[in-house]
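Before anything else, here is the set of structures, which you'll find just below.
In the two assemblies presented below, chain A is common to both, partnered first by chain B and then by chain C.
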Partner chain A sequence: MKSLAELEAIRKATINRINLRTEDDSTTTRVVVGMATCGIAAGARPVMLAFMDEIAKRQLSNVTVSQTGCIGMCRLEPMVDVIVPGQDKVTYVHVKPEMVERIVDDHIIHGHPVHEFTIGANE
Partner chain B sequence: MKEIALHLLDIVQNSVTAGADHVEITLDLAPDGMLSVSVKDDGKGMSPELLQRVRSPFVTTRTTRKVGLGIPLLMQNAMASGGGVEIESEVGVGTTITATFNTGSIDCLPVGDLAETMATLILGSPDKPEFTLRCKSALGEMDFSTAEVREALGGVPLTEPEVIQWISQSLKEEIEPILGGILR
Partner chain C sequence: MDNYRAHVLVCGGTGCSSSGSATLIERFHEKIAENHLEKEVKVVRTGCFGLCEAGPVVIIYPDGTFYSRVKPDDVEEIVTEHLLKGRKVEHLVYVDHATREQNAEKKLEDITFYKHQHRIALRNCGVIDPENIDEYLAMDGYKALEKALTQMTREEVIDEILKSGLRGRGGGGFPTGLKWKFTYQSQADQKYVACNADEGDPGAFMDRSILEGDPHAIIEAMAIAGYAIGASQGYIYVRAEYPIAVKRLSIAIEQARDYGLLGKNIFETGFDFDLNIRLGAGAFVCGEETALMHSIEGKRGEPTARPPFPAVKGLFDKPTMLNNVETYANVAQIILHGAEWFAAMGTEKSKGTKVFALGGKINNTGLVEIPMGTPLRTIIYDIGGGCPNGKKFKAVQTGGPSGGCLPESLLDTPVDYDNLIAAGSMMGSGGMIVMDEDNCMVDIARFYLDFIVDESCGKCAPCRIGTKRMKEILDRIVEGKGEEGDIEKLERLAETIKATALCGLGNTAPNPVLSTLRFFRDEYEAHIKEKRCPAHHCKSLLQYKIDPAKCRGCTACARVCPADAITGTVKNPHVIDPSKCLKCGSCMEKCRFGAISRE
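== the complex of A and B ==
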């Protein structure tokens, strides 16, 4: 495996930040990506990693990205739920990596869901 | 699926669901062009009855719907290239699924982005199981283990963006010289 010494450097750089972090569900925004057979086949893997990249780039510490299974609307995959505390869940459908920046910027940071990407606009 | 790596992402989730502590993923490219892709887990395993029916698209362990397409789609693509799928399983011991692909066939899928698949698996199951990835060919071999990374990080979660980027980048660099000819 590649040099594990590099991991020591990463550990030193991140450990303080991690110790300071508070796990407070009432302020944490959740991004949930469908990652079952249907989601994977439709392109969910690059979408999930695009969310990770965008969140890292903007250093958003109060956003978590997780995966879920098939919820039965396979034709609309890749699907992504964004759950901002205190607001209704928003479901985005046919999500592509190039749509992720706008969802993060408009919805997660500024609180305005991108209506044209939502399940309501597509069904 | 467009890549063998996407099938892996899908199939390995069966091991996670089976409660595995360790999942070993191996890609072995023989000099004759046959690629063997195996996933070995120590999950709860399958009964002989379930093992016999598991290749059917109408068999699944979930209760929400009655279809499960992960294994059938993998079989379809392996067989299209002139390969196939073998599954061994024992209750309480674990399951090993091995797909073979003839990489010389025009119908063979590219291996695809194994680094992205590993990153996605780790993000989806950050604490358990431990994953290992081994790639072998006549050009060399590489080993990767989440347990080693976890130990080296001493308490920093594997899901930190810097860690995921490191894993993804180092896997890309290590896999390229071994399987470079069949990745794309």
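== the complex of A and C ==
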């Protein structure tokens, strides 16, 4: 038998797991990882898993992680776009798993892009 | 890790299951494991998405990509391209019937089939995993029960349902709130709530889809109803032909008991309520409320005369409140969002939405939920996509064997209980079968009557004997042996049966004949007087002929004829022997010169 509080806790925990089926774009932050052959070869999969881990660890409910194909700058892979609603898209290049924590903390949670990792700082 | 980056939703409704969605799910698990994605991608078996025509349906979130008619061999491509590399598999994306667009970026709700719909009863179908109570809870599940038990009195619950204007979705359209009130007012030591899931109309499958896709919604609503009327026990009467629905319902009841949402002292409010499933053997008459209750009691499923109504004396002679599945599916939403929210939708006397099962000669076979008052034309053309192969629309049958056929001229009728009755049909449980120019209306009437003759329980003479006599007359008419006066005889029998049969099944049994007589009398007359079937459907009235001027003597027709009814020599006109002809139409299909005609 579950108490009302326990039911509410189940609701909250489950909605985090299923809201990517129902969410509207206007409030969702999207993390898009380049996962074409070039991206995967450069190590995009550990980067993507690191993002998923970090997002789960911090229990962020309105962030989705998805992949995209090659955008032509294979030498800069692994590349990650972070799109916070209402803000410009930020492209990170040469992303390594150890950089993920800062991107999630500074950019996704606090809204300050990590400029030294962006394409602008590296080109 | 509990968070997945992508969810693969595979339809597990009956439609998609029969087109192989179970194999798809297996294959997805296999391929996802092969590519080491099992910690990132989750596969969910959901209820019906509604667009059964495009099944098996697979939707991938967060992108919302809608794949249709997915075959097991396509799974590998979806996994390695879409799930691993993020490239959508364009050639499997659903093609919008109206715009002819195959747009992978398009969201589900932008697809023409879904654009006109408003989903309340079907809100969770195709969204959640019906076998996982947590997902139902996450969609505000059991919040309405909590609200009713902890914040509302029993009278307030009944009042809310009454004010919402909800009417019985099983067909009759009796105000649901009144039914609740009457049962509440009956005094007894024990009362019952029951759910009619004995969906028997040919072509109707909305109740099945709700039970398969969102079983907890019914359990929650029945518990609310139990609280309101003062019942501690409920029964769901579901037909054994719905194995997936029965299985998911059983799982859901177990889960609800586990969580203390069924059983003793729910939410520590002192309210006890439990549910049991009773399987029906599939008799149509058991959808009639008195017959249904006799069947639950273990007696023969035969109707008895009312009054006494079930609200006074129902199951085991105790006051019983019986509602249909779709009616219950609206209850929790009304309690949660309020009566005004619900009453703001629909027409003056029919509030909310209605689910229809679209079938027959229509492009998008499937399940649609629309606000009451939506014109038939919108349902059939905008949502349904019209008749396939460019054929001309002839009629739409609503209300199953108790309903009627409506012609083109009535297509702008806004759909609600009263408008459909005024038009000569009825809402019924929501089957909607579309017919095109190739359908013979006399034969359609005969089909429904045949169903009634089969399903009549035999207890009262008008239904047992009357419908049989009507069917004999129709049989004669389609065989070309119709006589002057047959139509009048049909009408007289119909009126007598309507006035004297014991239950709703019998009272409405002649409707398909009466409504086709009303709108398509000319077809009956053509059969009887001219021995001609205008739709070229009735075989006994058809004759295939070869035009000697057009026939080049290619022998194609003679070779394809299964009955060797066509004779002739090469380069000379051929002839059909009417005594041997089976009227299969193969020769006409085969002829390249248009020399063969039928009339």
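The definition used in the following text is that the second predicted complex is superposed on the first by the 101 of 123 C-alpha atoms of A that agree within 3 Å, B and C clash if a C-alpha of one lies under 4 Å from a C-alpha of the other, contacts with A are read in each partner's own complex, and residues count from 1 in each chain.
Following the convention adopted for this analysis, contacts are C-beta pairs under 8 Å (C-beta built on N, C-alpha and C of every residue); 3 or more make two chains touch, one makes a residue touch a chain.
This is a predicted model, so every value here is computed, not measured.
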For A:Gly69, is the partner it touches chain B (first), chain C (second), both, or none of the two (neither)? both
Could you say whether A:Leu4 touches chain B, chain C, both of them, or neither, answering first, second, both or neither? both
Which partner chains sit in contact with A:Arg21 here, chain B, chain C, both or neither? Use first/second/both/neither. second
After superposition on the shared chain, which partner residues are touched by A:Met35: those of chain B (first), chain C (second), both, or neither? both
Let me test your reading of the model: by the given contact rule, A:Ile109 touches which partner, first (chain B), second (chain C), both or neither? neither
Answer with first, second, both or neither: which of chain B and chain C does A:Pro46 touch in the superposed model? first
By the touch definition above, which chain A residues appear in both interfaces, chain B in one complex and chain C in the other? 1-2, 4, 7, 10-11, 13-15, 18, 35-37, 40, 48-49, 52-53, 55-56, 65-67, 69
Using the touch definition from the top, list the residues of chain C that touch chain A in their complex. 1-7, 9, 39-40, 61-63, 84-87, 127-128, 134-135, 137-138, 140-142, 146, 150, 259-261, 263, 267-268
Touching residues of chain A toward chain C in the complex: what are they? 1-4, 7, 10-11, 13-18, 20-23, 28, 30, 32-33, 35-37, 40, 48-49, 52-53, 55-56, 64-69
Under the definition above, what is the set of chain B residues touching chain A in their complex? 1, 6, 9-10, 13, 62, 64-65, 68-70, 73, 113, 116-117, 119-120, 123-124, 142-145, 148-149, 152-157, 160-166, 170, 173-174
Chain A - residues contacting chain B, complex: 1-2, 4, 6-8, 10-11, 13-15, 18, 35-38, 40-41, 45-46, 48-49, 52-53, 55-56, 65-67, 69-70, 72
